[in-house]
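Sharing a structure below in structure tokens format, with a few things to ask.
Just so it is clear, A, B, C and D label the chains in written order, and each chain counts residues from 1 on its own.
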């Protein structure tokens, strides 16, 4: 992982990415939009081949194992996020992107060769099995409520439980799975498909273009070999922290790209479309909303870059990425909502990408921890800071 | 149309309606939710038959031609709105409900017998052809931009143009159609289906449970007999005003009912589901959002009732219904958004009605005139009031 | 206390009140504005004499002991609140108005004759000693933290403690004082001035026109005769509840009147003042803010009237008045803030009443319980409702 | 003016400034707070002497004529702004700070020696005569409405007109004055006091601690020598632009410092003060507000630094500083408002700096152009960008 940022390099990659999206992705975007659970596999494979040829596949990992710095990634993913289809084609979408990051940090060389390399090469997909069904009292935002268990059985482990919102579970070749052991929460690498990993049903969610969908899964005596423990037994939460901060920020960057695009589409609409004697944008009631977008987008960029810079110092940046996630998820929802609004009736039809971005971005205030959970933790941090200041 | 309100009667009808929804509609709701463009026709017909038997079909028109007062309608439609499927089954959904109201006010007895009676009896559906495609510079919020024309041809009229967002165009047996004539905007009653009325495609909109979908339509030499002019030639905008105020309020009442329900679902969720050691509702970050809902819902009810009361005095209540529409559409969107948020991941899945209500309610800030257009008119009204005060 | 509402009578009184304010109060308003801690006593006495002559003094209590209904009071106080100076002159300001209400409900006939009659006649002022200094851990929003004690001493009681934010303590002839006894919180009627009631200093608050100011007070062996217990010993919190609901609503109505006025001033300003080629009000960025005011003001009126109606049924209306207080305090702050904003530089000078209203209204979100405390209680109520619904 | 930023140097100066404020300023702050129109002159002179001795007077201009870079200034002024009294003592307050910047950019060496040097040395004060009375149709946010005229009279100019909100007019030794000439708007350096410059009255504004107050001024045949034209005749608006961007940002930085402080005070209050069984900060309804502050403060810092960086490239940064001004003024108002709210009754008394910061910050949304005027310009910029993109 780079810790210093080469803006020139990052901007050059971002420019390549954006060019590719403009010329190769945009023509297919409308078609992909109508498919629930991601673009169809054939189209995806075909576009991915072109991305590979153009040298923009997995653009945040220039060569095997070596990630860009977090600030560089922010720049590149913002460009890739400009098209929801683009994110998937370029292999920078969740959960693969976050999984690649964690495997590159925690997996053994042998595990990396077997599980990470195919992901980086865009030849395989992965899944992250963490969240559990709320209706059954499972772990959601509060990881302490985890119910899935892993029990040793000789050199293997036997895993039982239920998971929910498992993005991309269908079609993935590997799952990173969190379960309780006697020594504490532990992560496992599970080969997929697997007889014991039963995909019950794909949840219909308000966002629906993640490849593979979001699944409800039953884990029924899933046997995993001992050498497929990821990191050390009992250290699952620690590794989750490693994944957490960066994953929050790449979400921010991808959706920031998408909202930049929505804002561009909406702005153009308001220049072309007139009502009551002048272009919509000349109505302050419309123009001011676009100005609010401008500010929200810029501030989203700035706070993401700031938190990425803290990550690049080697810190886990738990608070900084939490602040960024809350601020950006809220800001981008406002942006997308305003884009819909200024486009009037058109804004709520799938004729425009804006409608999709609005729906997809709604999930972001909940994914990776609802706003309220982040505020809960940040308030505790403020209290700690005050107490230590008062004691000094 | 009644002008005085019998609260006892209205509440009794509302109670009947709510009972019917609880026992007959709720069991079918989840199934209906997955159908884009409304529930399937068979299910709809079957449930409507039961509504007829239960005496709750078209509950706001107790007997042919005699509407409840606007305040009474508000009470009854709030109850019916409690289920989006319920609204459709009970025959109080847009655009039929608004069309029934206008026909009862403007149509001739012969027109009423032919076009209104089947609507009231729930044996037919109707459509309202007003909005035109934005991309082609047609009339949206600014009716002055209307492009569709009607030209006299003997005793008939020939209509040409394009319309968009024509809700329920597929399946309707009559369309109320607005077009320009030399004498000004004029309304026509068009028999459907009609060779000249070409349904191009149903728009995929963020809300998608209106029966018949929202259509893009080409009007290609549509011939309409002279006795199917609705009201007088050239008075189309005047009649639109008659439809406008009440239609705004029935939208408010229906969606208020739906958001009441979403709030109830979300509240129960937060009592059952726990995190960080206590039920969600005991976290102020969650509980306060529900309190905000409580206040928004109550205020939505109060301002709707107030504007309905003004309508019941015989006024067009253009400003009052505009204020109510803006306030209620904004408030209900906040309510639905908070319901989604407090339910976390569950809130963005179609497993809960809340997700649907969130999407459907998003359209309400745009349908019947975007918030900004209403504010544009209301600001002009404030200026007029100030000027007249300053001159007195 | 009336429980039915005679709108005709209430509106007639309100009209009288408004006429008086227009002709007699407005000319003195600017002068009064510059006095911290209320208008000077001489001006006040003089204007009060005129109010008495005009028959509009204490307009909500038409004849001794008989209050208007809560809905009627809402109408009358809205009119009186149109001028902050007017409220004081007409004898409907806090805390006197709330104290009059409580004394008329709880005091003995002898106490009423001695303490209430002079208040109603506008010949005396009163104070309410409840809140304690936060810095010393005293009772603020959480009454359970009360530290002031009352100990029996023969037929008398001896009171010790500290109170804060005691509005009008200087100049009052009677204080209603809450203290802990062995039997629970108890209210006392204290003759003022009193050697043991030491007015330490008047707090400089952001609002500063309440007559007598807000005082920090030390209670040092304050001896009170046994027949000056208000109601029964140990029932203090119960009586506080009696005062609470109505007091919340009269605050709402008074400040609603003031904000109506601010909105009127601001609206006229935006019609007269031009920038960038047209009157400010024709800029949507300004006009839309005035529309938001219009809606906020109307909704404040509606929810106050609704809660007043519930009080008039005989209910304590704890939840309803809490909802109204939260909604109205927030809405009126937004209204005042927008009035300031649309008036630009002028809006932040004392040349306009708007600046004063903005400052005074800021306190309202805190007085009578901060918004957060009300939401805390209302969330508990939602939980109770859900549980009882789930059990039925 | 430096164009590159030495973070180490800037942080060192900021640290010195903060130390000085902690040890020398804070003890006098409460006393200064009660003086309308700034601290009394004696106290000010005395503290300024100490600042000079400590080497922190005019800390953003290390040696005559050489300003720190804009990013460095942002760091230093944030530290100075931590105390409203500190800003004034350290000689970084408006309007002097902005005037120093403009004089160093536009004035001739002779003008600099005579007018700038005493300002930098903290031996004199200055004023900026731009705004005109709104009630008389003068120039406020729209500079095109300027009414003040300058007419040549031999080698001199004669100026007539009215100005309003002239901060620090009383006590200033020089005024920079904008007036219309035949060649366009022109800036003049006026010696003060001056017989023709009549200070009519100090406006009572909601913020009241600017030294010298905000004055309404009549310019009555003010004769100014030709060599006291600032820059070239007719170029007044161009120079105003030079002052504008940096002045917006120094406002942002100063008030950010003040709000940081308010947030610190409020946070400590909520840790110490308890209600309903636990410290206020542990109530999410309070803690979440502090988290919102944390995010607003960080984003205010980031966007100010970003715009300052653009200024440091040599750009006028009109749009960037406009975006920063809008975002920061709105964010800081929210911060100050929340600080007031979480402190309950205490928050609205002058016992705490928080009350002052709330009032002072309210003006910021209006000073230097109300939010709406900035949005008006930014919306035009968006339109231009869209048009140029659509044409390319």
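In this section, a contact is a pair of C-beta atoms (placed from the backbone, for glycine too) under 8 Å apart; a residue touches a chain by one contact, two chains touch by 3 or more.
Remember, it's a predicted structure, so these values are computed and weren't measured experimentally.
Ranked by distance of CA centroids from subunit A, the top chain is C. Comparing chain pairs A-D and B-D by the number of C-beta pairs in contact, the larger count belongs to A-D. Averaging C-alpha coordinates per chain places the centre of subunit A 37 Å away from that of subunit B.
As a whole-number value, the distance joining the C-alpha centres of subunit A and subunit D reads 42 Å. Mean C-alpha positions place subunit B and subunit D at a centre distance of 51 Å. Each of residues 283-285, 288, 372, 375-376 in subunit B touches at least two other chains. Per the touch definition, subunit D reaches subunit A in the complex via residues 264, 267-268, 271, 279, 281-282, 284, 287-288, 290-292, 294-295, 298-299, 302-303, 306, 323, 326-327, 372, 374-376, 378-380, 382-383, 385-387, 389-390.
Every residue of subunit D that touches subunit C in the complex is listed here, in rising order: 34, 131, 134-135, 137, 140-142, 144-145, 164-165, 203-207, 214, 273-276, 283, 285-286, 340-341, 344-351, 355, 358-359, 362-363, 365-367, 370-373, 375-376.
Interface of subunit C with subunit A (complex): residues 283-285, 288.
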